[in-house]
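Scroll down for the structure; my scribbles are underneath it.
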Amino acid sequence: ELSSWSFYRAGIAEFIATFLFLYISVLTVMGVVKSPTKCGTVGIQGIAWAFGGMIFALVYCTAGISVSFSANPLCFPFYLFKFAEYVYMVLVKTGGHINPAVTWGLLLARKLSVTRALFYMVMQCLGAICGAGVVKGFMGKNQFNTLGGGANVVAHGYTKGDGLGAEIIGTFVLVYTVFSATDAKRSARDSHVPILAPLPIGFAVFLVHLATIPITGTGINPARSLGAAIIYNKKHAWDDHWVFWVGPFIGATLAALYHVIVIRAIPFKSRS
Amino acid sequence: ELSSWSFYRAGIAEFIATFLFLYISVLTVMGVVKSPTKCGTVGIQGIAWAFGGMIFALVYCTAGISVSFSANPLCFPFYLFKFAEYVYMVLVKTGGHINPAVTWGLLLARKLSVTRALFYMVMQCLGAICGAGVVKGFMGKNQFNTLGGGANVVAHGYTKGDGLGAEIIGTFVLVYTVFSATDAKRSARDSHVPILAPLPIGFAVFLVHLATIPITGTGINPARSLGAAIIYNKKHAWDDHWVFWVGPFIGATLAALYHVIVIRAIPFKSRS
Amino acid sequence: ELSSWSFYRAGIAEFIATFLFLYISVLTVMGVVKSPTKCGTVGIQGIAWAFGGMIFALVYCTAGISVSFSANPLCFPFYLFKFAEYVYMVLVKTGGHINPAVTWGLLLARKLSVTRALFYMVMQCLGAICGAGVVKGFMGKNQFNTLGGGANVVAHGYTKGDGLGAEIIGTFVLVYTVFSATDAKRSARDSHVPILAPLPIGFAVFLVHLATIPITGTGINPARSLGAAIIYNKKHAWDDHWVFWVGPFIGATLAALYHVIVIRAIPFKSRS
Amino acid sequence: ELSSWSFYRAGIAEFIATFLFLYISVLTVMGVVKSPTKCGTVGIQGIAWAFGGMIFALVYCTAGISVSFSANPLCFPFYLFKFAEYVYMVLVKTGGHINPAVTWGLLLARKLSVTRALFYMVMQCLGAICGAGVVKGFMGKNQFNTLGGGANVVAHGYTKGDGLGAEIIGTFVLVYTVFSATDAKRSARDSHVPILAPLPIGFAVFLVHLATIPITGTGINPARSLGAAIIYNKKHAWDDHWVFWVGPFIGATLAALYHVIVIRAIPFKSRS
């Protein structure tokens, strides 16, 4: 695996995707918090769209980077039949995660190797750091730090337990959607699933932001939280930082367990 | 049916889906009503997106949980042909309702058994109660109750008749969309129908919220109304509560009648 | 045609669809204009979503009501091949117009008979009147009239020529999108076209509202303008009313000419 | 090529599409900036929707204008197999660019001829000028100029380097998405790619607007910037104008290089 170009290509794609994700989303956050009146900006809802929309576009663009098979015309009927399986490969084995918690959930479900998972996580974190760094370059150091730098912290009025719970359930929503969207291998039954797949995944991110921006600013992505925290680099952001690693990993674990134990526990054999 | 694992799996999926639906949507409502100025929040439109978007994502994720057939490669051409029928099964027989009014409408059209319908409704209500309960846990009891707890009540300035009418027509829009999206069995004529299906269903919920949040807060889902009312538990919410059961069930009945009597009254035989 | 049940079924479907369209959209408008501060509402953008989203959902639900052919399993390969043509039939011949200007454009392109076109237009106008009437019932006569009743008028600061121009170009955008979405008959080349079709049609309506709400409130649908005007019934709405019939019909005519003369003037024969 | 009607038809389609794009988007901008309080308008987020939504609708409508092959029924299995390739042709060779930077990126990747690329760019710029001109006609010269005319300038508080960087990365996001959406030729692996294609391309435009409206007003489309600048025609718009040509062309070049060198460097041969 380490000698395959597609392995590194997928890593580079994770880096670029996470870089663009942080760049667009943190820049949107900065534009909103910078303005004295929120009505003259895209608003908090616009921030939620930026996060969710980028995940939609990037999952669409990045998924499948490392998939490979020769497109032999004679094999077309075979392809049609294999369609569901390839889509499964595309989304599960081949990048387009843009989020260490997603990679972790898929690792738990044995959808990719430990080596690949670690490599993806490192590239995601590096991309996130660079993306937030470019925003800081545009805004200037002083302004960036005054405005909070898009870093995740537990908001005043909520306990760290609330924040942790919000991150756990939020990541559950996201990873549950990813598993539902990539469960197409087992049967051809949900033919609409792979076609729409990037859309509900992006919407899941959008929806969790709508709900939990007032609590934690919404992490549900340790690379996003780490990138913003490193570039912001203030004590109060680091104090809460563990919440944005522990929460997403617990949430992703629960989603993987729910999917593997409950939803797919018994093969789809008995007709309903 | 009671001895089939897929029966219980579908019930658990209904519970989890309704839990996540109430959690995300009520938390979004709380975030908006908590803020003194709505411009610093995702706004009322953001609430509508939270309800509609969650239904989109959850119908996408949950539909088909209890469908089962062996994915025999040799049967693939058969599957292709059966595609429309399976999608019909997926959405109609197998969960992803997340709403007792939808279950009721489909029961009227004889799309699922009475046992299954009752089981789904109970699981939906339990999920809704738990979802609203978690939000109350995060917000604290005092704040949650001060802010109205996301419970449905008929707004000041409107009669209960107005509220009932709004719930009837709103649920009609939703259940009419569900029937249109799941009518794919009859013929292959609307091949685009099953692929997009979760999107217009989610949009229907979003649109009804845009219109009727100022009147009733928008129920069109008795489980959602019951869950919020039980956790909120104030007299004025209980006084209006019947509106959010009677309205949706009348609306769903009308949509089922419209679909069965008008739209599908005479088989699709005569060419237009 | 007059003796076919599918003819009347399509008419009833147009009535119900236009009724629901006016009900949801005018109620959303009322909710926004009623509030002293727009930030506590879904906002003007929410109004645009209500109009565009309803068109998306209703085109999805209503298209194909009157299409009919027997779903003989043996014909499946034939169906696959005929797919594009059926989708064409579905959208063009069979309702889901919800708008006299769309019906007019399709009539010009000889996509439906004069009898059918007139019947659709009458049913659309009747549905629109009932939809706006129900909103008036909910709001009360005084409040409804004070708030403008969702009627289209040319805004202060713009001439009637500006309003007419805005209606012409806006309807051009809509009908141009409808033609593009229903041009699937000619060749199988745009296989993504029929699947997404209701989405860009709905977006076209949304986008025109974003742009021209400040000028005319956005008609681009004579049934919608007529329904609101009849229920509102004030002189200044009637004074401008011709703009919302002449504009859309000119715009639809231009879109039909553009499509027939420029885009499809010469058959798709020479390879690019 | 110069003697082919499909060549000129594609050019006319580019003209009309860019005309409608500027008309709707600049009119939306005018509606927002005209109002003293942004809450009574569709808001800055509404502007982002106007730009992104129009690109979605127009890519959907315009793509494939110049594609041509005879729809021989006997060739249907062939069509199915050729599906991915035709979609590739549709989006790459045949218009629906609506943006000189997109045309430039595709030219670099040798997806269309220099003659065609230049012709498209000229038609795009002419369409943009006319679109902005019509808005000026509606608003009146004085009001239009007072409100900034929708022209792109680097905002106060940002250097021209910031603006250039924002344009480069923003165009990279757009052209990277276009390349990802049109890479379907190589293999059938991403079957969901062509079906959704216009949606992520539109979303990319929407997302870049969310992020960079506060910096440059967001160009990422030299035709859009030129059209608005010519109709506005004030010195401070012309001073910054080079940013909106140099930035997009650099961004498109980087996206083309990234796609050709990294993503497709080695054919999809080795299984991951």
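In order of appearance the chains are A, B, C and D, and numbering begins at 1 in each one.
In this section, contacts are C-beta pairs under 8 Å (C-beta built on N, C-alpha and C of every residue); 3 or more make two chains touch, one makes a residue touch a chain.
None of these values were measured; they are calculated from a predicted model.
Within the contact network of the assembly, the step distance from chain A to chain C comes to 2.
Counting the residue numbers that touch the partner chain, chain B and chain C have less than half of them in common.
Copies chain A and chain D of the same sequence differ by a rotation of 90 degrees once their CA atoms are superposed, given in steps of 5. With centres set at the average Cα position, the gap from chain C to chain D is 27 Å. Of all residues in chain C, those that touch two or more other chains are 37, 39, 43, 45, 195-196, 199.
Judged by the touch criterion defined above, the protein chains form a single closed ring in which each chain touches exactly two others. Chains touching one another, given as pairs, are A-B, A-D, B-C, C-D. Across the complex, chain A meets chain B through its residues 37-39, 43-45, 48, 80-81, 158, 162, 165-166, 169, 172-173, 176-177, 180-181, 186-193, 195-196, 199-200, 203-204, 206-208, 210-215, 258, 262-263, 265-266, 268-272. Residues 1, 4-7, 9-10, 12-13, 16, 20, 23-25, 27-28, 31, 34-35, 37, 39-43, 45-46, 49-50, 53-54, 56-57, 60-71, 73, 76, 79, 83, 86-87, 89-90, 93-94, 134, 137-138, 194-199 of chain D touch chain C in their complex.
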